[in-house]
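Inspection log for the structure reproduced underneath, given as structure tokens.
Note that the chains take the letters A, B, C and D in the order they are written out, and that residue 1 is the start of every chain.
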Amino acid sequence: MSGRFFASDNSATVHPAIMEALNEANRGHAIAYGEDEWTLAANRVFKDLFGRRAEVFFVYNGTGANVIGMQAALTSYHGVICSDVSHINCDECGATENYIGSKLLPVTTSDGCIAPDQILPFLSARGNVHHSQPKIVSLTQATEVGTVYDSDRVREIARICHKNDMYLHMDGARISNAAVSLGLDLGEITGRLGVDMLSLGGTKNGVMFGEAIVVWRPELAEKLTYIRKQGMQLASKMRFISAQFATLFGTDLWRENALHANELARELAARLRSIPAVEIVYPVEANGVFARLPRPALSRIQEEIFFYEWDAEADIVRLMLSFDSTMEDVEALVAAVRKHLS
Amino acid sequence: MSGRFFASDNSATVHPAIMEALNEANRGHAIAYGEDEWTLAANRVFKDLFGRRAEVFFVYNGTGANVIGMQAALTSYHGVICSDVSHINCDECGATENYIGSKLLPVTTSDGCIAPDQILPFLSARGNVHHSQPKIVSLTQATEVGTVYDSDRVREIARICHKNDMYLHMDGARISNAAVSLGLDLGEITGRLGVDMLSLGGTKNGVMFGEAIVVWRPELAEKLTYIRKQGMQLASKMRFISAQFATLFGTDLWRENALHANELARELAARLRSIPAVEIVYPVEANGVFARLPRPALSRIQEEIFFYEWDAEADIVRLMLSFDSTMEDVEALVAAVRKHLS
Amino acid sequence: MSGRFFASDNSATVHPAIMEALNEANRGHAIAYGEDEWTLAANRVFKDLFGRRAEVFFVYNGTGANVIGMQAALTSYHGVICSDVSHINCDECGATENYIGSKLLPVTTSDGCIAPDQILPFLSARGNVHHSQPKIVSLTQATEVGTVYDSDRVREIARICHKNDMYLHMDGARISNAAVSLGLDLGEITGRLGVDMLSLGGTKNGVMFGEAIVVWRPELAEKLTYIRKQGMQLASKMRFISAQFATLFGTDLWRENALHANELARELAARLRSIPAVEIVYPVEANGVFARLPRPALSRIQEEIFFYEWDAEADIVRLMLSFDSTMEDVEALVAAVRKHLS
Amino acid sequence: MSGRFFASDNSATVHPAIMEALNEANRGHAIAYGEDEWTLAANRVFKDLFGRRAEVFFVYNGTGANVIGMQAALTSYHGVICSDVSHINCDECGATENYIGSKLLPVTTSDGCIAPDQILPFLSARGNVHHSQPKIVSLTQATEVGTVYDSDRVREIARICHKNDMYLHMDGARISNAAVSLGLDLGEITGRLGVDMLSLGGTKNGVMFGEAIVVWRPELAEKLTYIRKQGMQLASKMRFISAQFATLFGTDLWRENALHANELARELAARLRSIPAVEIVYPVEANGVFARLPRPALSRIQEEIFFYEWDAEADIVRLMLSFDSTMEDVEALVAAVRKHLS
């Protein structure tokens, strides 16, 4: 397999500006574990983006950011309200349950977004020793099905959380795609709305490796320093994560990359919608297109241009666009769909 | 702080050949999570090095390699016999206990090396439900104090392990330094001697990020595929770890880098030994020199050229040499020592 | 509050024959932790009941039996398929997730009983490292809503489990009520149908404290000896659990107690059904009656005779009958319902 | 085996007054899980004994009391300073590490008692993310080798703990024996000295089953309600634990039982000391006698009257006295020793 395909935004390359940052960071010795100038610089970038109360902790990957971040807020008998299709519930091989020891409390959603009134029933468990005690609501922004929470909904969920002594966690593996979709800055759709901790994605937006946990609560930051180390997520040569993030988020690169991917997703969806046998099953608000294709054709297209099936029984596929996807890629896929459906 | 110092081999840079490999791996899309050509190539390199039975699992860092690797061999009531100064016991913030849930059973050593007869007393716990059941012996090679196990000792410990239904784990964060010290190949000092699983270090020998777990037991390999993902150690853009390891271990780079660091360590030790007030406290068999320095001078030297204190109460410092350390660095340190001790 | 009520079968007293057994076991010293003559005798009783392959492990309570038993079969990335209303999912404060570290995979049921074809979709996760791997199907018999699995269904689910390298776990907190409901012996509805491990209840059927884990798999039994101790469930003065169980299950006491409670449940249901405003919402197959009552009356009845609300929003109450409940209790409750509904 | 022996104080019977309390508690239905009149009464007894700030949580056994109690005070990266021979370190099959996930930090003691200055070196790990952070000091009172901490030492250790944001935990499986040894009340040797949480033993002093966790810190009490349930330690028919403890500690029974056992231990030690070949290896301050006996005789005596070897290699045996041991038992043992040593 060569060239580009639609399997995932983490199939993409590393952006040239990120590669350059890595090369530049490779001079002289640096104190390990984050006490280096690159990490210091990255911290300043994050304060600018997310506000003075925000503290950043670089980790290795998205599962690490979710697990380590939420662990700081949870004790053994706590539960996490999340969507049924959330990455923490479906795609982390039970990491939350095993490494944190907390129960996930999934709610059924039609579009990957939790509604505020879905949280309320869980509150009746408060104070009952037989039940897990809800302590976190976790939203994925953009969601796993390519939709985006609007700011009012996030603000309302934050309000419910804080009123009930809960934290609002945001899995932002694709937060940049959500921000450009909403036309807002990263701080405006997170801390400003009441998000308490954020898994900030880079790998799906042009970075080689590394994600960041951003927290707006000092009591969580204090625990995170230890939990990150214990949780196998403290990079010794941390400068090479910091330098990437300072480049991605210290310039407009995050925005340009995400904008490009989102636009191509919209283009792809528009073209697919014009093909009668194809159904777009979720609103295309970020960089993913979820489409139902007739089965025999589906498999033949997949052999030509790789992508994953999202729901094999329902013949729904997931088509992900990246910063390095091109209009030619989109057209080639559309052509393949047309060919096999005709 | 600038230039180079003696704090740790993970303060060093990334070797230029590794940077080049990273740049070369950055073309086209690749299936995530290891189903890419670079990982395939790296797997072949590891089969050549470690034999056909060996399976390799790339992870992010050394703590990850130790925890995830040992987890595959342990159930809740198992214990791990290790040295009192071992990294898993002292420097991973209790990760083994928290994430695996297993008890560490440390033995006191004079030089970081466990003696075979220190294992035997733990065997009397076998079958007694009140006691943790020893299941792994973990050796660090080279040890945390810069010494190296000879092959006979490793073979003898492996024999005891296998006779008693235990696994032999090797923390090889500095296994390359041990191999060149012994004048042997990596396979000859691990799987060939009966090691069942190895944390194979790269970061301390010129790599940017990533370590590898090598296992010689199919029952461990089967579990590792899941545990690595769950354990936050499965890199999505894995090609960028694989490409580094294929370069480091598919050529003589690992050997050259380690040889250089070891030789400088011996040179440093030789020069320090000639200074009457300095005592070298452990045999210098790898790339670390542990020296006792008189206190007021110690702190002043440290301000000039950075290194860590190993045992602050005993005035013992740790001086680590890297692939990118130079004879000039050594001479500068020796000069500083002489200056402040005169 | 005094007298008897309908809150739970664990509100009941200890059966006089059990109290007598406790008194009789109180002579002389006995080796702790199960190496005593009473435990030996109880083991023989269990071999008679459950077959020669069955091994019994006494523990303290039902949550302990479920957690410790399942832990023997699970490793970190395993999942447990269970019903949405199962005790392990709803009423153990997340013990499975926290102490075992495994994910629960609940399925929605209309009557507390899992259907065989609800298991199949989970099997598509097999081999995918991103998903928890299903390893146990857990059935509650009798269910939390007072229904009973028939033998064909249990046998079919066992077949699916074993074909797919999974274990069948049965939470039998009320297994005696299920057995008499089916008119079968305890062995006939467990090990004989393919159940691999059973949490055998005593506390809800006349015992003071203690439950038993019965396993039909030697590999589970071997692990259980250690896990029980580690899991805080190994009683030092074990003879006092063993003596109770030898009495309950070595005679027809378990059957008589359960039969009595089941019969009173049927009587209560029959009388309530004759009241127009009352709806019995689940088949009454064991010792519990689940009824929907009009709200203002519901609360007034509850003040007179205590019971729990099962679903407060839906005005459904749970009425549990015990071995020491009487026909007078039933009639008093029915009279109270009639009074407040008229 | 019949009659009485010296294996353990949990080989003993249940005291007749306790059996009577169990029989008396067996009337009518009672709300499960502790909302019953017996538990209410027991709570009052504990407030009298331990002060108004003290909160009591009944659990099933000593391991449960230690694990559940300490869990309330620990988060994942915390460590527990304890003695090398402590029950939590040696005799709970790694429960602290597995169920809490915390590291034990054992210190070597000559007589089972931790000295205040052994705690200080651990404090240098504070703030270093690579090391477990000490959060609890756990003392066993009376110790596992039959010695007793004097009040000054406990007070001094409490002072160090509180000055350094740590909790003082006391494993009081034999706290009654310590209290009568010191001639003090239970409150005077625990909360009054600064103990923050206590595992209060009953099983080794005449109770059938059950232990109590006593805490003097509201933040621990709040967590304990949930952790006890999740930790498989919440008894449904709790009245039967409460009734025992109200009897044992609401009267002088705890004192009489412990006094009797301690006195017999002193008598046994005195008689054994008069036999030249026997060496008493620890001060006899509670109800255990640790003696070195010549090997061939040791085994022959053991066949006649059962007891455990404490250190098989050093020929040291542990002889435990119980509330139901008699002077005749002591004389029979001494006679057997004399016989086999002559």
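In this section, a residue touches a chain if its C-beta (ideal position, glycine included) is under 8 Å from a C-beta of that chain, and two chains touch if they have at least 3 such contacts.
For clarity, every value in this text was computed on a predicted model and none was experimentally measured.
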Report task. Could you tell me which pair, B-D or B-C, is linked by more C-beta pairs in contact? Result -> B-D
Query raised in the report: Based on CA centres, what chain would you say lies at the far end from chain A?
Result: D
Report summary line: Distance between the CA centroids of chain B and chain C (whole Å) is 50
Report summary line: Rounded to the nearest Å, the gap between Cα centres of chain A and chain B is 33
**Report entry** Approximate Å spacing (C-alpha centroids) for the pair chain B, chain D
**Finding:** 42
Query raised in the report: Can you list the residues of chain C that touch 2 or more other chains?
Result: 76-77, 92-94, 98-99, 101, 129-130, 226, 229-230, 234
Report task. In the complex, go through chain A and note every residue touching chain C. Result -> 76-79, 90-94, 97-99, 101-104, 124, 129-132, 312
Report task. Within their complex, state which residues of chain B touch chain A. Result -> 1-5, 7-8, 10-14, 19, 22-23, 26-32, 59-64, 67-68, 92-95, 98-99, 203, 208-209, 226, 229-237, 240-241, 306, 322, 324
Query raised in the report: What does chain D use to touch chain A in their complex?
Result: 33, 71, 75-77, 101, 129-130, 133, 223, 225-230, 234
